[in-house]
Every structure is written in C-alpha cells, then in structure tokens.
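These are the structures in question, set out in turn.
In the two complexes below, subunit A is the common chain; its partner is subunit B in one and subunit C in the other.
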Partner chain A sequence: MVAVEWCFRLTSVALLHGLLRAASAAPVLEEEFYENLKLTPLPDGRLLTRFDFKTLLRDAAPRAPHTLAEEDEPQHYNLFPLALGQLLREHAVTELHLTLNAGQWNYAAWGQPEDSGVATGAELWAWMGESRAISVKDRWKGITNGLAGLFCATLGGLDVRRTVSPSVAFQPEGDIPSSTPHHLLYAPLPSESVCTENLTPFLKLLPCKSRSGVASLLNPHRLFDADWHGMGVHVTWEEGLGVMVRMNFVAVYNPTRLMGLQNKRDWSFRLLFDRSITRACPVATRSAIHVALPSEGNFRLEPTAHSNLGNIAIFDVSKVQEPLELSMKWPDESEFDHTSFAPSLSPPLTVRRVLTGAGQSQGALAVSLSNTNTETMRVAWVETMPWFIKFYLHTLEATIKGERRNDLVKLVTYAPTSSSSQAPTLLESHVTIPGNTTLRLTIDLEKSFISYTQHPPAAQRGWDLPGGIIAFTSHSSHRGEKEKELREQRIYTPILLVDLPTPDFSMPYNVIIMTSTLVTLLFGTIFNMLTRKFVWIKLHE
Partner chain B sequence: MKASSSPTASSLGLKVVLPGLLLFRLALLATPLPRFFEHDHQLSSPLTSFFRLQEGIFLYKNGIDPYAGDVSRVSPLLLAIFSTVLQLPLPIISVLWTLSDVLGAWALVSIWRARSQTVGTKTEGLVAAAYLLNPYTLLPSLARSTSSLDNTQHILCLLFAALGKSSPALFTLAFLTHSSLTSVLLVPPVIMLLLSGPTSSLAAPRPAVISIKKALYLASEYFVYVALLAGISTFVAGSWGWVEKTWGAIFLLPDLTPNPGLWWYFFTEMFDHFRPFFLMAFSIHLLIYVAPICIKFQYAHDPLYAAFLLQGIIATCKSYPTLSDPGLFTSMLTIFPEIVPHLRHPLPTFMLHLHSALLLLLFHDLWLVQGTGNANFFYASTLVFGLANGAAVVDAIWAGLRISFGERGKGWAIAQL
Partner chain C sequence: MRTNILKRALLAASAAAALYLALVVYEVRANETAHAAAAESFFGAKNTQGHTNNWAVLVCASRYWFNYRHMANALGMYRTVKRLGIPDSNIILMLADDAACNPRNKFPGTVFSNAGRHLDLYGDNIEVDYRGFEVTVPNFIRLLTGRVEPNVPRSKRLLTDDRSNIFVYMTGHGGNEFLKFQDNEEISAFDIADAFEQMWQKKRYNEIFFMIDTCQANTMYSKFYSPNILATGSSELGESSYSHENDNEVGVAIIDSYTHYVLEYLETVNKTSRTTMSDFFNHYDPVPIKSHPGVRADLFPRPVHETLVTDFFGGVAQVELIDDDSEPARGTPISISIPINTNTNTNVPIQNEEPRSARAEVRDSSPASARRVQSNVKVKSAGVGVGGVGSSVGSGNARDGLSGEMRTWIGTFSVLVLGAWVARPRGGNKKAVR
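Let's look at the complex of A and B:
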C-alpha cells in the first residue's frame, strides 16, 4: 500500500517536473498588440470605418513544414490568439488571408480600399511550404475545416471544387522562407455571407475581447446594418520582425440613412455604434483613433484631437479619462446634397463584368476594362470558374471599339475543369490596356448539364460565380516602392449569378421506368422476331 | 454487269442528280442556317461538336493538353488532321463537310451497284438523293458535326467490304472506331461481308460458307489497325489521357448534354448508387444484338443487311447519338428496295418519325432557348424518337426475314410461332 502511494508521488513529481521543463523549453516571445480605428468621411456622404487589430509575435517564425512529422515544440501565448496560433502551427502555414465580406465594394465612389480583399463572400488564400510528411492539399483541407470551426463560416466548402493555385495576382504580403518551396492555394466562396456568428468568434480572438479599447465599439447590431461590411484575418511573417496577425473589420456606414429624416452626413459614435469607449485596453501597446479630415467644407470634430498628422486627427485611447464619444458635424449643411459630389476617388481603372447570352446552355462572359489614365496599363486578369462552367478558350477575344486586338492579351495559365476532378477552371492572363480606352474581353462559355443529385436544394435560384480579379502588375507611371504597393492591389468585380439548365427533380422513377420500358420493348420485339419460326396460316373464309 | 436498258434512265441517273444535289447543298451553306445550327444539341453531341473540335485544336496548338479538360472529346486523329493538313478557314471547312457527304452518297450508290450488279439504274439517283436530302443527315452536316464524317467513313468501309478490299475496309473501320467507338459492333458484319460478297440472297436464304480461320485473320488485322491508330493518337496527344476523354466518355457518360438518344436524361435522373450498374447495363445492351443478327442474317446470306440493322440499333441505343445516326440508317434503306413491300408497319413508323422530328425541334427550343418548357418535354420527344427508330429497326428485321417466304396468294397469311 505504501509502495503504491510512493509510486504515485514519484510519478506526480516526475510529471510536474516534465511540465516545468516543457514550459521552460518554450521560448517566451515578446508579444505586442496594437489597435486602431480609422474613420474616413467619403465624398458620397458615407463614412468608412476601419478597425485594425495587430498582434505581433516578435522574432517568431512559422513552423518549418519538414517538422510536421515530429511533435511541435510547445507554444505559449499571452496576447496572440491561441486558437488561430494552434491552427497555424498544426498545418505549418506561412501566410494566410481570410476575408468575409457582404456587399459589393463601390470602387468609383469609395476608391481603392486599404486592404484589397473586398471580394463578395468568403475568400481564403494561404502560402504553405512543401512537406514530405503531409501534403499541402491535405493541410489545406485541415485549415479550411479548422477556420470553418473557428469562425463559424461555411469554409469547409472550400474543397478541391473551389481551390486553385493562381500564379499572378496574389503576391505574398510578408516574407516567405527561401529554404522550402512554397505553394499558394486560393479559394473563393461567393455565396458565403458575414454576420454576427462570425463576429463573435472574431472578438474572442482579441486580447480584450469587446470589453475595452477600440474593440468595444464593435456592436454587431450596428455593424451589420452598414451598407458594406466585412472582416479579414491576415497572418504574415516578416523576417527579423516576427509573425503578425492583422484582424480587421471594415464597415461603410451611410449616416444620411441613419439620421432618418434629417438627411445629414453628421455622425457620432452613438449614432454609428450605439456605444462609446469607456476604458482603454490595458495590454495594448498602442491604441488610437484616426479621423481623416475632409479637405474642404466647414466641419466640426468633437472632442479636440490629441494630435494632428497632416489631414488626420489622432486620438490616443489610453489617455482617455472619461467615455470617449467622437462626433463630426457639418453645421452649415442643412441637408447633404448627393448630387454635388464629384467622383474624385474614381480609380484609374474601372471594370465591368457581365454574363451575356439568352439561352440556357450557351453564354459568354464579357469583361470591359476602362483605363481612365493617359498611360498604358498592364494588369493581370484572373477568372476562377466552378466545374460546371466550361470556357471555350478559342473564342477569347479582346476588342477596342469593335476592333479585334488579341495581341493585348497574353495567356499565363489555363487549367480547364474536368467533371471527374471537379476542380475549377483557372484562367490567368496579362492584359495591356492603352490609355483612355476601354478594352472589352469576351469568352464563350457553356453551362453544363449536371445530374439531378449535383444540383443544390433550390436549383432554380442559380449558382453564384466568383468575381473576376484584376490585379495591377506594374504601372508605367510609378516605380519602386509605389509599384510594390500597386502590385498588391486587386480589383474584384461583382459576383455573378448563373442559372444552369435543370432537369425535373421529381422524375427519377418515371424516367427509369419509361426509358427501361422502351429498351425492353425493343429488345423483346427484336429477339422475338429473330428466334421464332415463320409459318403460313390458312385463313378462314 | 448488266447495263441499264434505256439511255434516258441513265441520263436521269447519277450524272445529273449528284451534281445537282451538290449545288443545292452548297447553296444551303450560303444561307445563315449553318450558324443557326452550330450549337444544336441534336445535331452535334459533345463528342462530335465542331465547336469543341476547334477548342481542342486551339488548345493543342497552344501547348495546352486538350484532354486535360472536359471540352475536347474528339479523337486525337481528327485533332492532328485538322490542325495540320486541313487547317482551313471556316467557309471552306463547311464545303469540306458537304463534299464528304457527297462522297458518302457516291459510296452508297457504289454499294448499290455492287449489290444489285447494275450500273445506271434510276435507283442510283434515289439513293444519292435519299442521303443528301435526308434532313437527318443534311442538318448535322450544316452544323459541321463530325458525325457526318463518321457516316462517310461508315459507308466507305461498307463499300470497300462490298468490293472485297479487306485492308482498306478494315482500316476505315479502325479509323471510324477511333472517332466513334460504338462502330466496333460493325466488325462481325464487315468481316462476313468481306468473306461472302455483297450480292443479296435475302429472298432465297442458304447458309453462308465463311471460314472461321479467315475471319479471325481479318479480325486480327482490324485490331492491329486499331492498336496502330491508338499508338498514333497517344503520340499526338502526348499521353493516354485521350482514351478516358473520348472512348471512356462513351461508357461513362460524363457529359449530360441532351441529345436525341436515351442515355442522357436517364443518367441525369439516375440515383448515384445505381449509376455504375445502369451504365454497364446500357453498354452491354448494345453488344447483345450483334451475334443474333449476324447469325440470323448469315443464313439470308446478306451481311450487308446485318450491318444495316446494326446501324439502326446503334442509332437508337448509343450513348451520344446525333440525328445523323438514324439519318444513315434511314438513307441506307434505299439500297434494299426489295424489302420495302414487306415492311411490317411502315405508316406508323413514318408517322412516329414525323411526329418526333417536329417535337424534338420544338421542345428543345422551348426548354433551352425560350426557357418556357422544361426538360421533361424534350425527354418525352426523345422517347418518341427512340420508339420511332426502334420501330424502324423492327420493321426492317421483319421485312428481311419475311421476304424469303414470298407470297402464297389470297387466304394465306404469315405468322410466327
């Protein structure tokens, strides 16, 4: 009995010792947390609000893919989101981007967004190093399912039927370790929408949740009432700096709508979020609110900013003693005049993309790219189509004012779909658009006839097709740093809805019965005739 | 050979009819009809569509594997021919299709000559017209469906076999097998035709003397050609990927694009777990007709007739038929004029054909172009079409067997026990 007790004690001491050793073996990394809210009044009377939460794991490196077969070294996080960190370690992800957006970003009125990822629906792309232990594709499966669970989104649908590996348009935003060859996997899910169930897990990943600091303004009732809203999670690694997780939430509010009958563009925290900041997040290294001041018009921003940097008023949340309640008013304006705003933010390139063709089985995709600059522009054009849409590449045609100019399109990748793998079609090409012209690209496509079991439950609603992507590859007027910035910019076109020809969903038994009857009739009659003997019969009368 | 008795019959014959029909067919090309029919599912299936062939050629020329995707399902041989020798502008390609049809008509007339041992009869003009004016063969040709080329190869193969030229016949059949695998069913009747000659004795059947040894030799010659062409195809395509996309498609039906056949809607509506079973059942169903028909009609000493009947069955039951398959069957009827009086139910069969031909057009348009009908309407018309084709085959089998019993005058009727 005593021996047993001693054994037990010894084991527990050994266990404790082991745990302590494990804890001491884990390198204690320095963590930093930054939060920022940026409010930008837009020319069309709307207000762009952008929440940015940055967590930096200083001097950390992504897990080397060749160690996937071994047990991972223990990690200890204080501020870094644990659930996300575990997922990244488990699958050795170097860089990851997830965006969940609702609505279509209005490039003409709101300009190019700070983060290019404004595709409607969900979009996920990740860079992963090759590993002999577990393939990139298997890890991708793990990531999509893990993120689906983490963010309560249907990301599990980002399987092989959605995933492609584009070679242009997506550049790593951070650094990629040169020791292992890396692969990019990209998957859009246009039918996914973002709502409260995604925001709650998002807030859980923040060190102060939504209890204090800038994050306390994230009120789902108000955020999801905005004209456009979306969230993003971006994980990057920079050599010499560490692993950084940037989580952001962007909402484009329409104060004129929120103001009710007054039709004014005045805004306040109370109006936008129905909340105010009562205390700062104690673990934040820096916590600030930036308000971009309009260049013209008589406006009043309250309270007074702690500092100004050019056209930006800066409020330091950590200095706040009483509840912070920002507001901006245009006292001279009795009503916002929607007709007065000039599209000053209009981007150098506008893109339109439509499906043409009236029939149910044949159609065409038409993309028109208008270059409003005087200089020639080179962009990358990327199309990802689900397996039931088939392109006819030989019909790809570029025209300027009806004149055929196929020399302006240079095909980079064409990976056609096949019904056996159900992988999407990937079409990537470089497009040159001369200054002040509109280039029209058309390509014929076929809407496949698919089996009745492959249709979704509400087949007549149609299928959402992902938007096209236009990425700036180089820009003749910009060089150096500016060019790198431009290269990371992408324009997403609106998503499309396509209706496939549908069979009758109530017919399986009928069709099996009727076709089989016909075949049997044919078979029976023919074999009857071939096997039976002909005889003469004497007829009566 | 027996020359035609009257010179007027000869002048009314082929020398006038064939150029006249050629001119008419060329005139049709100038109309907007070819463009209108280009994407019609009844005229070109995913395996025979010229639009898909063009896509395959484009991908092939640009160094992209045409068999990586689903679009190109034509034989690599056609791909090689059309991307090198026949690299022609579209209007000339259309003319080529018409010329191929004219060649088919001429070959059909030649088969008739070999069979009837006559030259310059009135029937020749009828045979040519029945092939060149048959809407079932005319429209797919306007749509530039490669099934028209397949038909020409089919007739040429039968012509070579009827003339006793074994190597050309077997090679043409091997080539045809590459673009349309179902034609492999024609191997037994073609070998029998080579070994027994084209003249008919439907009316006075006696067992044919066919040496098994020679037949096996010819069969192995055919398979050598197929293997050779498969080797060339693999060389052209760069991999074996074409086998799955062209031949495999015939068994596995990966593309459910509607056609006038029986498979597409059946497998659109099929429960997933029964799909492999029914795919197998439908494929084997086609095979089971070959032996009985060949055995029965070897006694009638007419393997050409067996080939004709098998074409009817292929046209009804193959996985990706177009209108040109039943078109070939109905046009071939003209080289067997003696059976016409013995057809079992010619009028109902004709009415069924007329009925379904109109319904097919109408319901296809309503479902896929106007968007007012639904798939069931078109499916129903394909069922009627299947029934019409089946009825025609049944008629022809009856007539082929019935003819040997002749007539016994009033008060007697023939029946089967």
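Let's look at the complex of A and C:
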C-alpha cells in the first residue's frame, strides 16, 4: 500500500517536474518600447501630430501555421500588448494592419502621409500562412471578430462580403516566412466611425497607458476635435529582429480654429491636448518629441530643444524634470494668411473619383488621374466594391482629353461579384499616365436591387462605398532602395455614397394583410359553396 | 471444510465491501451536505442576496442625432453602474448611433445629460460593445439568450450564470408593447418575455431588474412570466414619456425626464448604501416626470423593501479579512462587503467573473496598490466561494482523517481477502474434480 502510494507520489513529482521544465523552456524574450511624438506645422496653417508607439519583441517569430492544431508555446510578455499578442498567436498572423480613420486626408495640402493607410473608416489587411488545421478564411473570421472585441469597432462585419485578396498595391512591410505560402486578405469598412471607445482599448494596450510619457497627451476630447484623426495598429515581423507592434495616432489640428477669433497658427500642448507631460514612461527605451521646424518665417519654439537634427528639434522626454509644455509661436504674425503660402507639398499625382449617372439602377464610376510631373507614371489602380455594385468590364474606357487611350490600361485582376456568394468585386489594373496629363477612366456599373432584409437599419441614407486605391508601383526617376519605399505608397480617394433602390419596408405587412384578405374571401366563398347545401324549406303555415 | 472456508472468505469479503461502500456513501453524503450548507451560507450571506456577480445590459435603441437624449440616457446608466462597481467587462453597452463623435456635435467626444454641460458621460474610459448597425433586435435577443456565433468575442457576450443579477435598461422610441430599434424594426414585449424565460431555463440569471424608458413603457414588462424579475417603466399605457431639458449649445433635447430623475436619485446612492428598491420606487413623482412610472414585482420573490439598490446597480463582492498568522480555515472570517472599484486610481484587483481575455480590468490596476491591499487583507471575489467553505472544511478535517484511515484499512483488508479467495478456489475445484 505504502509502496503504491510512493509510486504515485514519485510519478506526480516527475510529472510536475516535467511540466515545470516545459514552462521554463519557453524563452523570456527581450522587449523594447519606443514612443515618439512628431509635430509638423503644415503650410496651410494646420499642425500634423503623430504619436508613434513601438513595441519590439526581440527574436520572436510569428506562430507557424502548421502548429495550429497543437497547443501553443507559452508566451510571456512584459511590455508587448498581451491581448493583441494572444490574438496574433491564436490565429497565426504574420503581418497585420488595422487603421481606423475619420475624415478625408488632404493630399494636396498635407502631402503624402508617413503611413499610407489613411482610408476613411476602417481598413484591415493581414498576411496569414496556409495551414491544414484551420483555413485562412476561418482564421480571418476569428481575427476580425477578435479585433472587433478588442477595439470596440464593428469589424465583425468584415466577412466574406467585404474581403478580397488584392495582388497589387499591398506589399508586406516586414518579412514573410518563405517556408509556408502566405495569403493576403484585405477588407475595407468605410462607414466605421472613430471615437473614444476605440481610443480606450488602444491606450490599454500601451505599457504606460495614458498615465505617463508621450501617451499622456492623448486626450480624447481634444483628439476627436481635430480636423482629421486616425489610429493604426501595425504588426510586422522582421527576420533577425523580431515581432514589432507599431501603434500610432495621427491628428491634423487646425490651430487657427482652436485659437478662436485670433486666427493665428500658434500652438501649444495646452491648446492642442489640454494636457502636458508630467513624467516619463519608465519602461520606454526611448521617448522623444520631434518638432519639424518650418524652413521659413520667424517662429519661436519653447522650451529650448535638447538637441537638433537638421531642421528637427528633439526633446528627450526621459530628461524632463518639470511638466513639459511645448509651444510654438509666430510673434511677427498678427493673423495667419494661408493664401500667402504656396502649396509646396502638392503630390505628383492627384486623383478624383466620382459616381455619375442618374437613377437608382445604372451609373458609372469616373476616376481622373492627373500626373503633375513631366515624366510618365505607372500606377496600380484597385477598386473593390460590395456585392451590390456590378461593373461592366467591357465599358472600361481610358481617355485623355476626349481621345480614347485604352492601351494605357492593363488589367491585372477582375473578380466579378455574384449575388449568391455576395463576394465583393475586385478590379485591379496597371495604369500608365503620361507626363503633365490627366487620364480619365470610366466604367459603367449596375446597382443591384437587394432584398429588403439585406438593407442596413438606416437604408435611406445609402451605402458607403470604399475609396479607390492608387498605388505607386514604380517611379522612373528613382532606383534601388527608394523604389521599395515608393511602392508602398497608396493614395485613397474619398469614399462614395451610393443610393440603392430602397423598398417600402412596411410592404411585407401590406402584402400579408392583402394576401390574408384575398385568401379569406376566396376560401370563404368556395368553402361555403362546397359545404353548404341550399335547399327549400317549407315553412309551416 | 474447504468450501466452508471459501464461503466464509466470500462472506467476509462481501461484508467488507459492503462496509466500505457504506462508508464511502456516508462520507460523500456528509461532504455534500457540508458543502451545500457552506455554499448556502456563503451565497445566502446578507450582503450578496444569493448573487455573486452583477451584469448590466444597457441599450439605446435609437439612431440619429435628434435622438441624442437616448444615447445620454443609456450613458447615464453606464456611468452609474460603473461608478457603483460593475466593471466594464460585465457591462454590455449598446449604442445605436455615435453621438459623441457625430459631426453635428459641437463638443467632440462628449455626451452631456444636463443643460449647462456639467458632467460629460462619455469620459475618456468607455467601452461600447455593440454600436451602430450592430444594435439590432436579433443581436439583442442573441446576447440575452447566449445564442451567439462561436467567433463572437467575449465583450459581446452576456457570460452570466445562475448567480448573476442582471440589470437590463432599454431606451428608445416605443409604443404599446413594442420598442423600436434604429427606427427600422421593433422588439415586442413578448420577445423580451420569451428571451427572459429562455434565460431562466438555461440558468442564465439569478434575478433581473428590467427598466425601460420609452412611451407606454409599462406595457413592455406586462408580458413577463419568468420568475425573479423586477421591472419598472417610465409611463403607462397610452402615455408618452417626455424629454427633460434641452441644451441650446448642443441643440437637441439631452435627456429623458424619467431617466433624469432616476439618475438624480441614483447619484445619492453609493457602493455601501443600504437604500432599498422600495425607497427608489417611492421616489418616483409623476408630476415632474410628466408620466406615471410603473413597477411590477409579482414575479419577484423577495420583498422589495429588503432588496438593495446595489443588488442590481452595484458590483458587490464579498471580502473577508483574515489575520496573517492564523490559518485561513480556523479564523472566523469577518465578512464585509467591499464594492469592486473600477476607477483607475484606486483599483482593487477583484474580478467578479473570470477575467475577460481582451479587456480585463485587472490590467488597469496599478500593481503597487494591489500588493498593498493583499498584504493585510485577503480579498476574493464572492464568486470563488472559497472563504465560506473554508470553515466547514476546517471542522471536517479531523473526521476526514479518521474515516480516510478506516477506509484505507478496510480497503486493504478487503483486497487481501478477495485476492485470497480468488487464489484459493482453483486448487479446491481441481481436487474436487479428481
């Protein structure tokens, strides 16, 4: 008896030991956290503020998709966002990008953004490796719903009706393991709004939350007052470096509006964020504020920068002893006159996109691409439309000043929609735009008559269509390293609102009432005729 | 003679087995009753009223900017339940439209409920679980009954059990026995009644407090037939519920009258208040509310005057203070109720429910304060139920040891006897055959 008991004890001890060993075998990875705030005064008097939070999990690798059937290795994070990390491991995501933006990025006045992802509404794209255990589609479903829960957004709606796999315009920013074939899935959600409930979980993923460091400036009441604001979460993997989570919040402020009647472009932290940085985030490896100094004008930046790099003033937040309160003033300017500033940031390419045609069933999409350079440009044009918009591919036409130039458009992909699968349309093509010309592309489309249960609750408002994407595939004047940088640049056109024929939503009730009445009348009469017997009755007199 | 021995051995073995079985049965029974009693005493403790966790489902069913006040109604309730201790992970907030960041809102990121804009309900720490087009009748019913798709995240699920008290608040435009969702579809009083019945059958609640602010609101709870539901509404059949006041800067009506007075009363309640539901209902005054609020308590088994307001609006956890040196089992646990605090600066790391994977409140708590609390007070959620059982386990320890030993001996003996018996008969039989 005793021997048996001892045997049992020994086995359990051995088991426990084994478990402990397995647990300790999980490597504790080095983590680094960087935070940065960049303030760039724009020529139109606005101020571009960009918060960047980078967490690097050194030497980590994304989960190999073929291990999805097995139990995952235990993970231990100190700074890396746990909730996001769990989601990435659970669905074996190699690279992921999520953006939530409000407003339309003004390319002409603000230039090309640092991160191309400035599409209005939500946009999600990810690279996932193939796995026999769980298909990429199922994992996509998991990741969209998981992110919906994590960021309080309606990303759960990014189902098969929204998801496409473009082959151009999207390049991985990090490395993709060559051992497994990877798939890119992309889904836009133009009607998504961005508000405090999205920022709250965003801040909770940061190691210092919004209590210290640069993140303490993230005041929702001020950020959502900005002319343009958006947040992004980017997960990439680089071989030899590790897994990196880049979270950013970009806001374009209009100080002339915030200053009220003064109409000046002076700004300060108090004015922009209604907060100041009181202490540094202790776990940040580097915490800095960069202020891009304008090339002209007499301005005063307070306090004095810790260092200068070219025309960028750098403040080291970790050195801050007293509350850091930056301000920039143009003392000579009594009033900001934005007309006196030439738009120096004008991009090489401007895009306009409209929906033409009257009526609720037919229409056309017109995109005009203007190349402001003298050199010929080759761009990729990507259109993705919900299932209720059908393109007529044979009507795709390219014109320059009314002259047909279909030779300039080379079709890459056309995945038509089908009303049964409700998969979206995907149209991808390479477009060549000669220097100093405007190329006009038109394609006819049909707006489907969708079933009344498929309409959203506010059906009369119409449907938001995602913006078109123009990606720079190459540039003739740039070679080598710069070329890769340019390839990743995308221009998003404004989103469109399409008016679909809406039924009278009370119609079903009318139909039910009408049908019931008719049935009652018909059935009643026939039943009466069949069952009643009409006889003569002799009355006793 | 051999058969005699065999018979005896068999008899002995069966007797031993029977004894053993009887002992086991007795022990299991004793344990069960002890545990049941301990559980009962724990759950039935004065502070918990049979529930161990609190949940809130707050629904604003109206879309469009001019329905700002309905957003404010729901957010006012959100603020109150959060203030009284229900963590974000236990609050399901459904807002049919985005009033805070609406382009028409002059004050971005805010929703106010009073003229003069003294209190911002949106704040800077809010989690909206269902928003925009997700607020639909099917989603609401699925949420209540738990019939959601496997991919739906935890934040969009009502993870309640039979010890959960749920506060359901609904607001929007309605009529006789219906409430409109998004100006597009309706939920009827029968739908909600059936959903609650299904919840009861699936043991998804302990008690429900249903509150609704809409026109002819009292008709919405008239169809309930499931037990343990307390319900209240803002207006009688044929009566409208009106808005309370406008703010000229916001430009629309900012709160409904009934909810305004409810919130005003709830502001006087704090986490340790002993205010009862009857105090709360007695505070209703139809004159300023401009309608006749109703209460339905016939399905509710407890007397309303003994039901605390915090039973539904507060997340109250059982906390036991135990001396550091004494064994946990021996010391008489001093039960006090400490409300779960969700404020970021004074966060006590109590989780009423199993932590939500994505957005657990624990992460928000500062580790320093957590350690400080744990050094002298052992804090645990009422849901765990260890503390209450601890004492009974302690008293049962001696008996456990004795019976365990006896069981071991009897077991050993019976195994030996049975072994001997199995080994014996073969030889005997062979001889008998010869």
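Here, the second predicted complex is superposed on the first by the 485 of 541 C-alpha atoms of A that agree within 3 Å, B and C clash if a C-alpha of one lies under 4 Å from a C-alpha of the other, contacts with A are read in each partner's own complex, and residues count from 1 in each chain.
Keep this in mind: a contact is a pair of C-beta atoms (placed from the backbone, for glycine too) under 8 Å apart; a residue touches a chain by one contact, two chains touch by 3 or more.
What you see is a predicted model; the values in this text were computed from it and never measured.
Novice: Which holds for A:150: it touches subunit B only (first), subunit C only (second), both, or neither?
Specialist: In the superposition, A:150 contacts subunit C only.
Novice: Just subunit B (first), just subunit C (second), both, or neither: which does A:361 touch?
Specialist: A:361 contacts subunit B only, not subunit C.
Novice: Does subunit B (first) or subunit C (second) touch A:414, or do both, or does neither?
Specialist: first
Novice: Counting only touches as set out at the top, which of subunit B and subunit C does A:209 meet: first, second, both, neither?
Specialist: second
Novice: Go through the superposed model and pick first if A:451 touches only subunit B, second if only subunit C, both, or neither.
Specialist: Only subunit B; A:451 stays clear of subunit C.
Novice: Check whether A:523 is in contact with subunit B, with subunit C, with both or with neither, and answer first, second, both or neither.
Specialist: In the superposition, A:523 contacts subunit B only.
Novice: Which partner, once the models are overlaid, touches more of subunit A's residues, subunit C or subunit B?
Specialist: When the residues of subunit A touched by each partner are counted, B comes out ahead.
Novice: Which partner does A:503 reach: the first (subunit B), the second (subunit C), both, or neither?
Specialist: It touches subunit B, and subunit C stays clear.
Novice: On subunit A, what residues does subunit B touch that subunit C touches as well?
Specialist: Looking at subunit A, the two contact sets are disjoint.
Novice: How about subunit A: which of its residues touch subunit C in the complex?
Specialist: Interface residues on subunit A, with respect to subunit C: 1, 82-83, 86-87, 102, 141-142, 145-146, 148-150, 152, 154, 156-157, 191, 193-197, 199-201, 204, 209-210, 219-221, 223-225, 456-459, 505.
Novice: What residues on subunit C touch subunit A, complex-wise?
Specialist: So the residues of subunit C in touch with subunit A come to 63-64, 96, 98, 100-101, 107-110, 120, 122-129, 131-136, 151-156, 181-185, 344, 357-359, 363-364, 408, 412.
Novice: Could you pull out which subunit B residues touch subunit A in their complex?
Specialist: 39, 41, 51, 54-55, 57-59, 62, 64, 68-71, 244, 254-258, 262, 264-272, 282, 285, 288-289, 292-293, 296, 313, 316-317, 367-369, 371, 374-376, 379, 383, 386-387, 390, 393-394, 397-398, 401-402, 405, 408, 411-417
Novice: Quick one: which bits of subunit A touch subunit B in the complex? Just the residue numbers, please.
Specialist: Those residues of subunit A that touch subunit B are 358-362, 390-394, 411, 414-420, 425, 446, 448-453, 501-504, 507-508, 511-512, 514-515, 518-519, 521-523, 525-539.
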